[in-house]
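Next, two complexes with chain A in common: one pairs it with chain B, the other with chain C.
Right, the complex of A and B next:
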């Protein structure tokens, strides 16, 4: 029975074709040469996007693969950010590797604690509980001013050392777009490979089984709650690492990161790209960050525009941009085949 | 008969005198510093770039602080129109590029970088939020970009975070209006013994309360706080807070509400006649003075207007011209953010022109920053400037509310101008150490 259900869902494993692999390679080459051919600000936007990749793929392990919608993932981004800032400001830590390890550890611990309580529930109850935890943390960050800087937040005044190397004399934009960019790109690729392995592994297939039909999965011998908790913890680790990477770009962290609207942005990115696809949230994050940058300069009503876009996507292309692209390609193939037959 | 001087003796004496003079003159000449020809070196003027000068603005265009941010932007636009009509800065037309600050620190930092790196802005103006101010101050130093703040500072709480600023020019200290308010409370309400505070639950509100009580207790040691209320920023229902204030029966109610919530609070307080029963010190409410209507603000409430009061008995032609223009364009009276915004642009222009006069070519950002330190220029509220530690220098206007038949909102009479030195501690001292030096 257990084997059956795994076989059933294993048919959905994403992207094993060579065309996709070649697209990935081309994109990777573009990412590699971007700092030398693209304008510096575009490279900066790409860097921001790279930092968001672990966040959205971590989030989507819960939503897309386990069927749990978290509305409080800003909590783990904040843990990653505050951990790094705290280490740099209070303990003089400059090694970014230490920051990443600690951010991941603390996020895992927080994810375990929060997850333990949240995974008992599903659907709206799960979403509300995660939101509540995030808002509790928001209040904590605001009220414990002496520890967290309150609403003013905490800034960092030094540069991190990457693999033990210091770049203090470099101009900040050169550091970000020429050095840190490649570091984050490398981390992102490693995390992507790991996540791909997770989602295509036996564990990932079990998660999908839990998502598709938890009762059936339970009857098949899968410990549904255990799988949900594992997914929650992994998701928290990814999001925390994303936060730790992102704070070196923003150089400042404020409690607003844990406010529900920020978690809403993570949900938005994922829905925009399509949560049923491994690459969906990544494309969603890219489109969202680029669009946000373009529209924000044009109008203060940019959220309205993006909101309408999301509304249209949910109504007309429920699978997100990836789902739309897949439907379109199917339609083209179908038309081509009918043309060949005729 | 007197002794006759022989001719030979006279010749001897005269000869010795001449020789002595010659030696003395020779020695003096030899010891004199070499004579230097003073040649006036005037820099050969180099052509000024022809392309428009891009200046970035990051301020609140939406959200609770938007009325203030938009007022500042309007003042900036009027300044740009006037400056361009007069030929620009050294002949360069000024172009404003505007971004919204309301999306939080992360996105505001992104906007700062976009304006600097992509749009090529020579300086960034604006900023109201304390958290954005903290981030921008650091960013300006890291990016070597000029940042002339309207309202944001680089203070964390009451303490400075960037001691040796080069490129960041923050606004006046956050707690200035609270200090000025406490001084005037001691002056106008000498019998106050108990104080209740209602301030926003965020850094500005908490810093203002801390500074207010610190100064007031120094000037009037017998004063005690009897109630502290901390509604969240954005609150619009103060009925329970008003009931709590009424129950505390303080001699004075202090608040640092500064935007639309000051108007809402005063309206709701009027329903129970709160400020008819107790003295009031709304130390920053003058930021929305035209909305403080006479029907809900009684006379005798101490109101702080920051650096700007729309009318002044002494008169100031630039203020009158600006108020007229602002009324013509927008049909309302300007508020203090207009003065902060206008000043930053005036200071920038003057600094560019001073640096150009020295160098003879369009100055670098560092050269402009050097000229900004210690500068003094005419702004809407009078002469204003920058201190050597890059902080703004300006005087604040506070006074007691009065019902003037010419206006539908309250005006201030008597109006006090509190000098900068009385509100802001010197850079080498911390706030509380400075207050300890005061005498009660």
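Right, the complex of A and C next:
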């Protein structure tokens, strides 16, 4: 029994590679002390990144593990964001836990509905259908002004209560970088562990089989459509939670979140890091957010620069940053071995 | 009661009658070879049986149930498995995970979202057993796509066997394998099926040596129809079969 518990606990740590696990622990410690040593704007960027982690890992469950490229995941981010804002503005809800639960539930329902129609198709048809759904929602957000605030969107002016604790008197930047930061960090870690467990579960293996060869999977007794639908719903839940967390940072939500270019940014982050790796999209999101903020402060043509960067990555490092790092480490080991041999 | 039954199965592709009014009964413990010249309708018949392609008319009964309109995964759940003519693998899954996917499917554990598959002793024990039987265990960490052709075929067959089916359809399991290796592959398939208690299978095969050595019933197809059906010795004496398959004129 004791051994079983130890075995179980050891699988929570995502990587068998001890060096990588140590890097993770160091990164976690850095994340813990960052608000006290880094300037607030850096902590703010980190906080934004933490909010994006559930979005990209949720998205990658669909792309990296199921082989379905969604171009409409902005839809679920928006559901999470609008749910939170609507609850705060119209119903006076302050508990962020209620917002997260409702955002996850509504995203799951929307994910089920959209997924049910989209998973019948694959490749470009799937991508276009998800994009279409997102654009329909975009039109809805624009036209139903009385409900959604139209193109101006909706803002929030109060602070949410975290675990029942209120922080109304706190200066907004202090609230975000000193309090909310740790809350999001904790949620992110929990969601990461959950996602890791999903990808290494029985379900995860079946998902990968469905991705690699759907026909064979079907003839091996796996209901391909059902697996795709499950993945879609889980992905939507993660994305919705990410949106609900993110809106407290942006303090404002606009319909542009459901526009295809925003969904494209999620695709970009995932490709940048490498969708074949669990950590790929996380690294991609971090690099993208840092680069975006950096380039944005230098030029208004930041989208052009990021576009060129994507082009170069797709051509030269199709495996993303993680794929590139892996190839590089292989090359170094090979060279070292040949050097030792000679 | 027969294991499976095909009743007046028809499949037309335009004017081509790929399978034309075929009726068959398959009993337990039968090792059937499905033979015929190219374009005879063998693979189409296997595809219809497995549910990969829909038939135009007719009925398929398996284990007493009408499976005519069931999708492939449902047929598989009932105990029907297959391997493919061109090895069907999961390219970027390891050999171990490829077989593990079949085992998870067999044990109906695919909806376990949170339990670590690495800690599932039942799944891992069965996976190891299948891989050892097919002599693929030492290649378990290799990506399926990196295996040599022969091993890819074996892995495809191993994935089908890992479902512990009641009837297994093997579409040319020795194609692309050298003549010397063919017998080895067949011996392996037979010994594994004996070991795993899988008693009934249908093999699509072109090599007559293999066909007559390893089956207790032969079905000959020609132009979408069943030309002959019987024990190997009876088929050998069938002048029509000899003429069509070997080109001999008596």
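Keep this in mind: the second predicted complex is superposed on the first by the 327 of 342 C-alpha atoms of A that agree within 3 Å, B and C clash if a C-alpha of one lies under 4 Å from a C-alpha of the other, contacts with A are read in each partner's own complex, and residues count from 1 in each chain.
In this section, a residue touches a chain if its C-beta (ideal position, glycine included) is under 8 Å from a C-beta of that chain, and two chains touch if they have at least 3 such contacts.
Please read these numbers as outputs of a predicted model, since none were measured by experiment.
Using the contact criterion defined above for the overlaid structures, shared-chain residue A:105 touches neither chain B nor chain C, since it reaches no partner. By the document's definition of touching, of the two partners only chain C reaches A:227; chain B does not.
In the superposed model, A:202 lies in contact with chain C only, and not with chain B.
By the touch criterion stated above, A:44 is placed in contact with chain B alone, chain C being left untouched. In the overlay built on the shared chain, the residue A:218 is in contact with chain C alone; chain B does not reach it. Once the two complexes are laid over each other on the shared chain, residue contacts for A:95 go to neither chain B nor chain C.
Residues 39-41, 44, 48, 142, 145, 149-153, 155, 157, 171-173, 246, 250-254, 256-257, 292-293, 296-297, 300 of chain A are the ones that touch chain B when the two sit in their complex. On chain B, the positions that touch chain A within their shared complex are 61-62, 99-100, 102-107, 109-111, 113-114, 117-118, 130-131, 134-135, 138-139, 142-144, 156-157, 161, 201-203, 206. Partner chain C is touched in their complex by these residues of chain A: 4, 7-8, 11, 194, 197-198, 200-206, 208-209, 212-213, 215-224, 227, 230, 234, 276. Those residues of chain C that touch chain A in the shared complex are 50-52, 71-73, 76-77, 81-82, 84, 88-93, 97-98, 100-102, 104-106, 109-120, 123, 156, 159-160, 163.
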